[in-house]
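Each chain gets a letter, A, B and C, in the order it is written, and its residues are counted from 1.
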Amino acid sequence: MGKVSKRITEKEVEHVAWLAKIELSEDEKNLFTEQFNSILEYFRVIDEAETDNVQPSFHAVDLAGVLREDIVEPSLSREKALANASKKEKGFFKSPKIL
Amino acid sequence: MVNTKMDRNVKIGLEIHCQLTNLNTKLFCGCSADYRGKPSNTHVCPVCLGIPGSLPVGNKDVVKDAILVALALESKIMSKLLFFRKNYFYPDMPKNFQISQYDKAGGVPIAIGGHVPIQVSNREKKVEIIRIQIEEDPAKLLHQGSIDVSPYTLVDYNRAGIALLEIVTEPCLNSPKEARIFLQKLRSILEHLGVSDGKLEGAMRCDANISLIGGDRVEIKNISSFKEVERALTFEIVRQRSLFSRGRKVEMETRHWDVVRRITISLRTKEAEQDYRYFPELDLVPITISNEAIEKIRRKMPELPDARRKRFMEEYKLPAYDAEVLTGSKALADFFEECVKIYPYAKKISNWIMTDLQRWLHEKNVEIFESRITPQALVSMIRLIDDGTISGKIAKRVLPELIITGKSPEEIVEEKQLLRISSRQEIEKLADKVLEDNPNAVKDALVDEKAVHYLVGQLMKLSKGKADPQLSNVIMKEKLKNLLDK
Amino acid sequence: MEEPYSLSAKEIVEKIRGRELKAEDCVLSIFNRIEEVEERVHAYVTLSKELALQKAREIDAKVKNGDVLGRLPGVCIALKDNLCTEGLLTSCSSRILDGFIPPYNATVVDRLLKEDAIIIGKTNMDEFAMGSSTETSYFGATRNPWDSSRVPGGSSGGSAAAVSAEEAVLALGSDTGGSVRCPASFCSIVGLKPTYGLVSRYGLIAYANSLEQIGPLSRNVYDCALLLNVLASYDPKDSTSIRVPSQDYTQFLVDDVSDLKIGIPKEFFGEGIDERVSKVTWESIYTMEKFGVTWEELSLPTLRYTLATYYLIAMSEASSNLARYDGMRYGYSIDDDSKDWSEVYLKNRRIGFGSEVKRRIILGTYALSTGYYDEYYLKALKVRTLIRDDFNKAFKKFDVLLGPTMPIPPFKIGEKIADPLSLYLTDLLTVPANLIGSPAISVPCGFVDDLPVGMQIIAPALREDLLFKVAHIHEQNHGFKDYAPKL
């Protein structure tokens, strides 16, 4: 199956950056689009690998699954939990407005 | 008045999130799951707070619970337990991805298919289930006022990481009422299984997908109780119909149900552009679910509402309708059976529960466990009728007091002086007064039988319902006969 | 006696137990050394002298009382700054974790403390471990102690430089695509990436969770084994942690390796590898022959896919692992009440993350997105299976595989940073071990123009014993223990 050389457009970079919640400057959009295209072109070497009947390896090695018992462990104190928050109020974390 | 009766042009699908409230700990960490009423951010740890470097470890009992539910709903249980990440940003997400399950890209939910039978307008309808999956609850957001004007939001992570079962239905519900009936049945099933206590605040929440013919699908989020489901869906149908009538189109979007203002608000998310980029949760390893494990759990399955309904019909000789109503919730069914343990006439109990008790609960907008009536109290009240201490009519006045105050019927009868008047002397006095006050009626009564009823009625009224009706009838007729003879 | 800071961990443990040396003196000595050279090396982000002295005094008291000591008493260890240390700033060399103080210790940190090791500070790294040169650090690059105009390698450059410059006796790094082995090679020290799952990742701030492991950095092979003894054990807090019977890796430093068969993949010496690096590495292979090892060349055709496969997988995982950095619970946040949550997140992440991190997150998001998932992420996972099969076949015939660690000697600071792809290409030889979860070690094997060259040995899963056997022989042969940069 021949693959049309797919280039990522600046618009796509903008949309994907929005999905990733990273605001980009115009310069960054330009630069990244260029860099992404050369990187993706290099990545396309994997298209040459024959993988029609191959299963994906999600993990590196075969591991045995583990579950834990439903037993309570100590929690953090509220002070410790909130210690790193730059914005907090009355024992809550403070988030910016929703709408 | 909006016609929201079953209308095949209305398609409603529900996505119900049920907390597995019988668990001691959260889904992926050992924080205590008993967070209700506790101070904010005190049931948290590096894992459920999403602190960098933390890792999830699955709770064994979550899997057991999930299998129980799947068996009860007759869903097909998959042979592997696999978790996936659902990636999206939101202030209630500690990691900005939710560890959940997925049914594509190599993922499987814990169970697929299944159904919940419900009774709608005396017909049985099977509500089809698409899938059941395990996932973690996000944190709780506290807006300052309504979501669209709140200048900031406070976040409490106590709820973050609590184990949820997500149950998704086909869009086969055709009215808000059907949706409510389905949810009640589902809750009853979960309660009977002992995995989720629907009475707890926030234990069962749902999102609804609703589309009217000719419009796109609208998702409504933040419906947190059954009472809200019917309201939210009804509002949304009205809103959409009004858009149609103005020639406007209903676009696909996500709306938020505002409980206080009772409206849905557009969340203005670019919902159509959202892309969850599902891929496996690699900090967890797939686990095999064996048939032996499933059978072991199946053998321990508690009695489900439908089985209980059949048993009520057989054991207590109740008609189908009664049995259906009584098993509508575990609390109600338990209440009934507690009564029957101490009183032999099941049908009498059933009648009182289904008529007056339900009516009062409905009027006060509370469920039986929110009221103060006990099985002992109801049974005592019925016994007081049986032995003639009070009349049935008086009992109808005692019942609401049992619900509100939690006092015993004896106490209430005493306080309100509701004892039946059964002494001849007293009734004769009352009868005399009635005859005196109603000369015209007496004239009629002497010739016409039916007019006697009126006079007896007046006697009952005068006695504030306490007079023994039969004796009053007898005495009134005697007195009239005397007058006639005179 | 030498300065305590020059002693090996083995020697320090012996001398402390033998009451010839005090832990406090070890700490003071190391901090003197740090004061002397740190300005030129810039290995550290945070130093914790007071805590270290406190711990040292506790150990000295234990010795005095005749209490039982742990396995690393008095050994001064530096930790890569992506390992959570309770009460101590942890930055991942990123602005987005500004001010972050973890409320807990990584499991490996607890284990070190239990064995009476002394934590002296947190080392510089490529931001979020993304890089091979420590140049993407928000705090500026670390310098190679062998040549301060050159990179120390990455992403555990700070840890490697600290050990190499004798600013730490031992160090911990993390290795996702070569981040322990690369700086070990560039700084002429020993660096090991254990089998995936052997060392607990609880407390390791994630970059690519199916690929990374915490690994020891040391000046000699014995110290590496000693440290691995402490790190390798099952942790119930990490679901990917393996349950294996504990063993003493130092016992594998034996002189008899006559039964070992070494495989030399042709591709490890092929296109893209500096000729001089190849030459130095081959010299080490030939000299090992006299110990009785046999070697044979083989071909691993899937090696041409490994770099692309690695980056697609790593970037995809990273895009999700780094989503949590939004400024709400920890780290950097702007202060602007007029913006809604989405606007704030967009700005926090724009300001908080450096360019390379942004690139990888965005590319990773792209590779997982609808329409591209099958073509990029899923395809990479399938190719990973092919690579695994290729290596499994090789391991049926050979005990270990061998080649240079890096395709080039340490390059100049600033030389490659403008061209991301050119930096990615330096990971060519190290990424395969991460993809297949195998253990791999880098040991110094010579110099090219006075610049360090390392040799990499790869073994099948859980066969660290083979790595130590070969590494030990090579070390006996080579004498690299006695190398030290002139600072």
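A few points about this structure:
Note that in this section contacts are C-beta pairs under 8 Å (C-beta built on N, C-alpha and C of every residue); 3 or more make two chains touch, one makes a residue touch a chain.
Computed from a predicted model, the values in this text were never measured in an experiment.
Ranked by how far their CA centres sit from the centre of chain A, the chains are topped by B.
Centrality by Cα centroid goes to chain A. With centres defined as mean CA coordinates, chain C is found 57 Å away from chain B. Rounded to whole angstrom, the centroid-to-centroid distance between chain A and chain C, based on C-alpha atoms, equals 23 Å. In whole angstrom, the spacing between the mean C-alpha positions of chain A and chain B is 40. Touching two or more other chains at once are residues 19, 21, 56, 58-59, 63-66, 68, 76, 81, 93, 95-99 of chain A.
Annotation for chain B: residues touching 2 or more other chains are 46, 49, 57-58, 89, 91, 96, 106, 151-153, 155, 275, 277, 282, 284-285. Of all residues in chain C, those that touch two or more other chains are 100, 103, 210, 236, 239-240, 319, 323, 326, 328-330, 337, 341-342, 345, 365, 369, 378.
Here chain C touches chain B in the complex through residues 82-84, 90, 92, 97, 100, 102-104, 106, 201-206, 209-210, 236-240, 316-317, 319-320, 323-324, 326, 328-330, 337, 341-342, 345, 365, 368-370, 373, 377-378, going by the rule given at the top. Residue ranges on chain B touching chain C, taken from their complex, read 46, 49-58, 85, 87, 89-91, 94-97, 105-106, 151-153, 155, 275, 277, 279, 282-285. Interface of chain B with chain A (complex): residues 23-25, 29-32, 39-46, 49, 57-61, 63, 81, 89, 91, 96, 106, 141-143, 147-148, 150-157, 267-268, 273, 275, 277, 280, 282, 284-288.
Contacts from chain A toward chain C in the complex involve residues 8, 12-13, 16-25, 28, 32, 35-36, 38-40, 42-49, 51, 54-61, 63-66, 68, 76, 80-81, 83-87, 93, 95-99. Against chain A, the residues of chain C that register as touching in their complex are 99-101, 103, 195-197, 210-211, 236, 239-243, 302, 304-305, 307-309, 311-312, 319, 323, 326-331, 333, 335-337, 339-347, 349-350, 353, 355, 358-359, 361-363, 365-366, 369, 376, 378-386, 388, 420-421, 424, 434-437, 461.
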